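We just call them A, B and C in the order they show up, numbering each chain from 1.
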Amino acid sequence: MATQHSRTAARLMISPAVILLLAWMIVPLALTIYFSFLRYNLLMPGTEAWTGWTNYYYFVTDPSFTDAIWNTLALVGGVLIITVGGGTLFALLLDRPMWGQGIVRILVIAPFFVMPTVSGLVWKNMFMNPVNGIFGHIATSFGFEPFDFFGQAPMASIIWIVSWQWLPFATLILLTALQSLDSEQLEAAEMDGASWLNRFWFIMLPHLARAITVVILIQTIFLLSIFAEILVTTNGGPGTATTNLTYLIYVQSLLQYDVGAGSAGGVIAIILANIVAIFLMRMIGKNLDA
Amino acid sequence: MARAVSNREKTVTTIVAWTLGILMFFPILWIAILSLKTEVDAIRGPIEVLTSGWTTESYGAVQARSDYFKHFTNSVVIALGSTLLGLLIAVPAAWAMAFVPAKRTKNVLMWMLSTKMLPPVGVLIPIYLIFRDTGLLDTRTGLVIVLMLINLPIIIWMLYTYFREIPGEILEAARMDGASLRKEVLYVLTPMAVPGIASTVLLNVILAWNEAFWTLNLTASKAAPLTAFIASYSSPEGLFYAKLSAASVMAIAPILIIGWFSQKQLVRGLTFGAVK
Amino acid sequence: MGRITLEQVTKSFGEVDVIRPLDLSIEDGEFVVFVGPSGCGKSTLLRLIAGLEDVSSGRIEIDGQDATELPPAKRGLAMVFQSYALYPHMSVRKNIAFPLRMAKMDKAEQDRKVEQAAAVLNLGDYLDRRPGQLSGGQRQRVAIGRAIVREPAAFLFDEPLSNLDAALRVGMRLEISELHKRLTTTMVYVTHDQVEAMTMADKIVVLRAGNIEQVGSPLDLYRRPLNEFVAGFIGSPKMNLLKGAEAAKDNAATIGIRPEHIGISSDGGEWAGKVGVSEHLGSDTFFHVHCDGMAEPITVRSGGEVDFHRGDQVYLTPDPAQLHRFDDKGLRIE
């Protein structure tokens, strides 16, 4: 619904964004794929050579790759379970009448705005440090041995920290979705004799299903790339106990300067993320039509 | 729906909700408290911490480290710079997609979003090498560009959803009234979209401020923003709880305040409009 | 001046032809109304004249000059939109002044023209308010004010009254007609409401499915509808259209007779029937009479005091001079 003139203008106005994003997507992606087939180490410049699938072979057969995959799954899965479960409960709670709802909401949402390096360090030092952390102090005062979180349960500790950051996100989105539920539907169900549990199961949960899917997909995209929290707490250790795929690629390429292997890892990470992205894009696309 | 809820029920809900709310907020509250203690008091047990004296010396100490303000300025420049630059590119693009939709508009939008799904680590190496070779490594310019590109799809998307709520007839009226395209966008569209543009800016400042993959990997010291500055406290010899707390409070306070103002827009921006 | 000529103009959106090849000329100073059911292409036609849409083929002339390729701003036309399309962030004064500001007119001159327009439209007290603080009728006036100050070659109105309530609509209808008398500028007005068309127009253009069905003065259309569609569309209540045996008697496929051209009595007439629903308006009464051997009830208009009840036996007598005859293609037979 427009004239030729405005269509031409529109094309002109959209092109900077398209060109920039295209360049941003294509150039590094092509280079990553290209590097992944090279023997390429920054410490040995000038020795670059085509090696075919060797980098993939070494990257995939390296035991730390298997560890990284499991760690990535544990991290993503653990955080998802905690945040979606907790977020649903929080949302249901915050949707109920209470005094000071606005303030509680603000308190619950706050952790989302804390930068990852801060939350990593604060939890590691002020809470989970066995000597000086608050948990250690409490354990000692009750006569227990303080628990060394990052020594004994490093992955669980990181899952905990990341969950603290993302629980507000899940809560906020599920709460928004819950508030968009037509209250007359619930009243109709109540008239029909449905108990609270029935109403939750047959009306609220189906209504939330879409929002929950969105939360899962978007969080997965971000959680696959968790980096700063690991960097400031465990550096991927002990051993490879907290090395996820992102961190492994960082170690390979920027600490060991093995660009070839790092790039092969990058391509694998892209493929994994795309599997999630396809589902997410379908959901958003459907919404665009509505 | 105005429904009478018994006061007892409301009281129980209130107590449970406040308890959970305070627990969630507690780590932030705790560093705020620790930041007002001496280093010696800050590592003692919780009772001792609460009963010890208060001091602002840690804030003084953090600021006395002359580089704190450098990092703070870096964060401000990078967050605002990337957002405003992104806005400059996104406003025309969103105008085009919202008011002159073509058959391919939807596909273009979806494609733009899909660039956001690219895991950063997948393109870390080429970007790192390009930056090294062009001298952009550890510069604010470099970070402004990268963060702008990362957030551009979100900016365009948010503006698009806001623009779509503005009736096209008003822009047509401006066209009939003799406004050129530039004037139409400048005098009519932009002022009308101020609330939407403001929330877009807020959300993107938050995202850029807290971004901790590119800022950690592409900076060393010169251009390092607060994310990287705080990360430098992770070395064991740097275990100064009170100072770490003070630095952290200063790093998160501005964004916490902005964040509370933009809760609603957050949902819209982060779910790409899939949840309203 | 404001003479607009369309030659063989067409418009298609993809596969859909919204405007079929169409010729039309609008004379300077005329009040022309495009009327038709929704989806007939009347708004699209107006937007083609405005330049908000491109024609797919054909030629548009304004005052003898080819305007087909001109952008809207260069056509010298002003438009009043259905939603008024006021700029919500500007005061009434700024809204009205906007086209002048775009034309880079000097400030004092702008002020003078705005004051003048405000006086004409009784907006003097509201100049510093925002559109959001105005009632529907006032917003409408601001939209008209914004159009007037430009002194355009012609005004285009796109269903301007459809967002107003019924009482205001009648008032604004009169105001716009007054304005036309005073300014004597060409006005092109789109509506789906045939009452607006009949009361305001010098010339009515009846559109259906992208085709012009008939062009003429309101009374022309009322007295001599060229086809069944126009016959049924113009006039309220609608003309009765009868097919079958009754029509065959007059050598037509369909005959039409307006409710006001049928006599009703209890003691004798051409058609016998029983009263169904009756609508008492006070000044008039409309009876829906079920006649023997006819599928549809016949609507009859009669005086307000005439009193028949449901089920009463009545006789109807159509005025033969007012009978319209149509052939099997729906075209008028003279």
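Simple rule for what comes next: a residue touches a chain if its C-beta (ideal position, glycine included) is under 8 Å from a C-beta of that chain, and two chains touch if they have at least 3 such contacts.
Here's who's who by UniProt: A, B = Sorbitol/mannitol transport system permease protein.
Predicted model only: the values in this text are computed from it and were never measured.
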Could you work out which chain's C-alpha centre is the most distant one from the centre of subunit A?
-> C
What chain sits nearest the middle when you go by CA atom centres?
-> B
In whole angstrom, what separates the CA-based centres of subunit A and subunit C?
-> 59
Return the distance between the CA-based centres of subunit A and subunit B, expressed in whole Å.
-> 16
With chain centres defined as C-alpha means, what is the inter-centre distance between subunit B and subunit C in Å?
-> 54
Which positions in subunit A touch two or more other chains at once?
-> 1-2
In subunit C, which residues are in touch with two or more of the other chains?
-> 52, 71
At which residue positions does subunit B touch at least two other chains?
-> none
Provide the residue numbers of subunit B that touch subunit C in the complex, in ascending order.
-> 167, 169-170, 172-180, 183, 187-188, 191-192, 194
Subunit A partner contacts - residues on subunit B that touch it in the complex = 1, 5, 10, 13-14, 16-18, 20-22, 24-25, 27-28, 30-31, 34, 43-46, 89-90, 92-93, 95-97, 99-102, 106, 108-130, 149, 152-153, 156, 168, 181, 206, 209-210, 212-213, 216-217, 226-228, 230-231, 233-234, 239, 241, 244-245, 248, 251-252, 255-256, 258-260, 263-264, 266-267, 270-276
Flag every residue of subunit C that touches subunit A in the complex, lowest number first.
-> 13, 51-54, 71
Of all residues in subunit A, those that touch subunit C in their complex | 1-5
Across the complex, what residues on subunit A touch subunit B?
-> 1-2, 6-7, 9-11, 13-14, 16-18, 20-21, 24-25, 27-29, 31-32, 35, 90, 93-94, 96-101, 103-127, 131-132, 134, 137-138, 140-141, 164, 167-169, 172-173, 176-177, 180, 183-184, 187, 210-211, 214, 218, 221, 224-225, 227-228, 231-233, 245-246, 249-250, 253-254, 259, 262-263, 265-267, 269-270, 272-274, 276-277, 280-281, 283-285, 287-289
